[in-house]
Amino acid sequence: MWAVAPPLPRGPGLGWRLAGGGGPSCGGAVAGPRAAGRTRPGPRVAPGGRAGAMELLSALSLGELALSFSRVPLFPVFDLSYFIVSILYLKYEPGAVELSRRHPVASWLCAMLHCFGSYILADLLLGEPLIDYFSNNSSILLASAVWYLIFFCPLDLFYKCVCFLPVKLIFVAMKEVVRVRKIAVGIHHAHHHYHHGWFVMIATGWVKGSGVALMSNFEQLLRGVWKPETNEILHMSFPTKASLYGAILFTLQQTRWLPVSKASLIFIFTMFMVSCKVFLTATHSHTSPFDALEGYICPVLFGSACGGDHHHDNHGGSHGGGGPGAQHSAMPAKSKEELSEGSRKKKTKKAD
Amino acid sequence: MWAVAPPLPRGPGLGWRLAGGGGPSCGGAVAGPRAAGRTRPGPRVAPGGRAGAMELLSALSLGELALSFSRVPLFPVFDLSYFIVSILYLKYEPGAVELSRRHPVASWLCAMLHCFGSYILADLLLGEPLIDYFSNNSSILLASAVWYLIFFCPLDLFYKCVCFLPVKLIFVAMKEVVRVRKIAVGIHHAHHHYHHGWFVMIATGWVKGSGVALMSNFEQLLRGVWKPETNEILHMSFPTKASLYGAILFTLQQTRWLPVSKASLIFIFTMFMVSCKVFLTATHSHTSPFDALEGYICPVLFGSACGGDHHHDNHGGSHGGGGPGAQHSAMPAKSKEELSEGSRKKKTKKAD
Amino acid sequence: MWAVAPPLPRGPGLGWRLAGGGGPSCGGAVAGPRAAGRTRPGPRVAPGGRAGAMELLSALSLGELALSFSRVPLFPVFDLSYFIVSILYLKYEPGAVELSRRHPVASWLCAMLHCFGSYILADLLLGEPLIDYFSNNSSILLASAVWYLIFFCPLDLFYKCVCFLPVKLIFVAMKEVVRVRKIAVGIHHAHHHYHHGWFVMIATGWVKGSGVALMSNFEQLLRGVWKPETNEILHMSFPTKASLYGAILFTLQQTRWLPVSKASLIFIFTMFMVSCKVFLTATHSHTSPFDALEGYICPVLFGSACGGDHHHDNHGGSHGGGGPGAQHSAMPAKSKEELSEGSRKKKTKKAD
């Protein structure tokens, strides 16, 4: 269970309430930056000259902007966008529409996993009740309403409205705001339990940001689909990768290795995610902004381009004993072809 | 962990002990109705006339009957019936007998899942130790003895006895008594943790009533069988559906929306379940009593007959992008044929 | 969460710290025998004569030896051996080397499961955070370093060194020391929560000893491999079986049915495991020391040789209704052929 938030020495008006994260009584709340209070020296420092004052003002206003941004409540509007985009992606899955007609209960459960998978996974990792977040009746009802409207609205009106590209881009942008907050809150939560648990913090932030993608095999199984030859960890989509990198950044911030306030990091990382995701969605692009970076780092660290679907380096054999390895390697080689095919398609869909 | 039962203001003799549900020290116990105490105004109200007295008497006796019924201890006899019928269904599974000969440990584990799957799932949802119920040594030993007798008794005597239809019908009826109690206790337990968690209560009651069925994919995996194209949520059997509806009813009762005492609801719902299940088992019937109701509601809500295996409405295409959807739709269409075949067979077996 | 260790009446210098087992602050620690203190009557009893003194001395020295052995800290050296051997087995898996090149994150996660799977499973069973052990940064970093060296060391130098048979035998022996300690600590931990939970203690000890083997299906799924027709419970390898028997022995000891000190049992069982595993590894043998015992017991209890891959007793049909059973039995019969083939290969690898 959640403990109460730690005492806030200097921020009576900060309004820090842990957003989501499994708390039974916080149905989408304000994630405010605790550390942010320490980075506002502005009003107390006497400005030396005009240039200093201007600089200070700009620094102050950026800090204030980030702080205000991190105090915006998520619940009705941003959460709604999150639900809409998540359930849209469910509707894009082959067979999802038919499933909703023939098996509404399974379809509803899948929709809930798409909306709240991140909470379920984080609760699983941290030993809390898996069903904890489902005590937020208002969130569940809102997500259920979105599910009903997207799948069963007469003439598919709702679906057509939210799929209209400019509208969709707004929702996609707002979804990323929720995602970054979830990562920050997840890491704060993990830090509360494990003060020096770097890996715990990174893992919690990652699952909070990635959500249902990390459990996609089991979400598919619920719909009667089983694709064991691929999973999100083998073929990370951009949001999953970005959540991982974001979780590392927020963990560094939480443990004071990154000298920046949490509010500023939330603001900057949100801007990055929003611009990337909106660009990728608008252009139907499949490239990831991290490809260039990984192209430099992976060959140095791991001796090969990682994550790519490069068929030309498939000759690497298995080191284990000849017999079984040789027999099995035919199968993986075959499935790899399918798999890279499948992953390319998946990326197309995800980036859509 | 379980907290103690809430204080009972008026029932020193009610003997409310939470039955099962994961408590380490309550190996099958009496599930008594707390709310029931409030619905017995009889002895205190002075009867006005003869008709009133008769009416009162009948109300009192029904209430008393329900109350007595809800106090009957489950442990030795009813639990035994539950174990017998559950492990019988395991023996009906293709390959189960051979499995018991060649891999007794796997067979025993499957039998335990069949008997205690509902506790494991509820513990998982509510964040309690998965293995919690296994501290009830007497229940485990009883279930193990039933498993041994059903699979390894000389001349298959035990199996032949309990499969004799009149005997089996009695056991099936007693199993339903246990199922309804489990639903009621599960919802009481969830209500204790989440006072306003409607969805949590319904989910807990549902998994407590459905048991191993909801985890059948993983139970099969333990036996080396994998049928990803179907699962219990896609093709709900009668007990699973009835557990879901029962969980909704008991949740309404728990939150005082249904103006009826818990003892009466347990009594009425048990009578309904017993009569349905005994009828279905005796007639080897596959029809569900809910079919008519769903036939009315589903077309209104979801625009199509849900849950049915109607092949004529298979033309519904996927809305997601053309390429992958078109490619994948061939596979699901094929597997759907197998699946409806399989589910019909499953229903045959379950109703048996 | 873990409670503190119970008070130690007579052992201020015993240094009992629960090794591993999910404690957030005990990154590989000393598992000392609490009960052992009670079996050292030596120094207080006045020896009657020379023979008695000699006998006493030998008893004392064996007890002292076992006690000292059970106090040896595991963390840097023994844990390192455990990680090396575990990740070696991962590298033996077909496709693992290629996976590490193309998907380093998935490969690292698999390596972590191989090293810490036992903690994850035990935490799952006992309702503790799955990620609990990952707060031991030093263990995780050590395992990650081993993973990196085994998969990415230039010229495969590290791999070649640790695969050199004499070196490997030492590591294999040290791994067994860790395994036995884990079983003992797991049972102590379960006993702390469930004083009379025999089945809970055995299960916890078993998963602590077996580790990733019991979750091999899901570990394979992470690598994109899915072999549902077999699992470790259907085809137990020697370490899994030995862990089960060891868990039973340690449970008997913990509940005082086995009149031997925990330190002595740890010592004796470690010697047994080390000698068996070193012999099996050195001779590339596939026979299990338990085969003879099981050959006697299984026919008596279960009417057939269990666990074996004997094709001649495949005629056993399914008792469930004719139609579906007959249809399905063809499939299992076919998969059984593959399966016994697969398991034989697996055994070859495991014993390697």
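Order as written gives the chain letters A, B and C; numbering starts at 1 within each chain.
In this text, a contact is a pair of C-beta atoms (placed from the backbone, for glycine too) under 8 Å apart; a residue touches a chain by one contact, two chains touch by 3 or more.
If you're wondering where the values come from, they're calculated on a predicted model, not measured in any experiment.
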| item | value |
| --- | --- |
| Same vs different contact residues, subunit A with subunit B, by half of numbers used | different |
| Between subunit A and its twin subunit C, rotation from the CA superposition, multiple of 5 degrees | 120 |
| Inter-centroid spacing, subunit B versus subunit A (mean Cα positions, whole Å) | 36 |
| Residues of subunit A engaged with two or more neighbouring chains | 127 |
| Footprint of subunit B on subunit C - complex, ascending | 124-127, 193-194, 196-200, 203-204, 217, 228-231, 233-234, 236, 244, 298, 301-304, 306-308, 313-314, 316-321, 323-325, 328-329, 332, 335, 339 |
| Subunit C - residues contacting subunit A, complex | 24, 91-98, 100-106, 109, 123, 127-132, 134-135, 137, 140, 152, 159, 221-226, 345, 348-349, 352 |
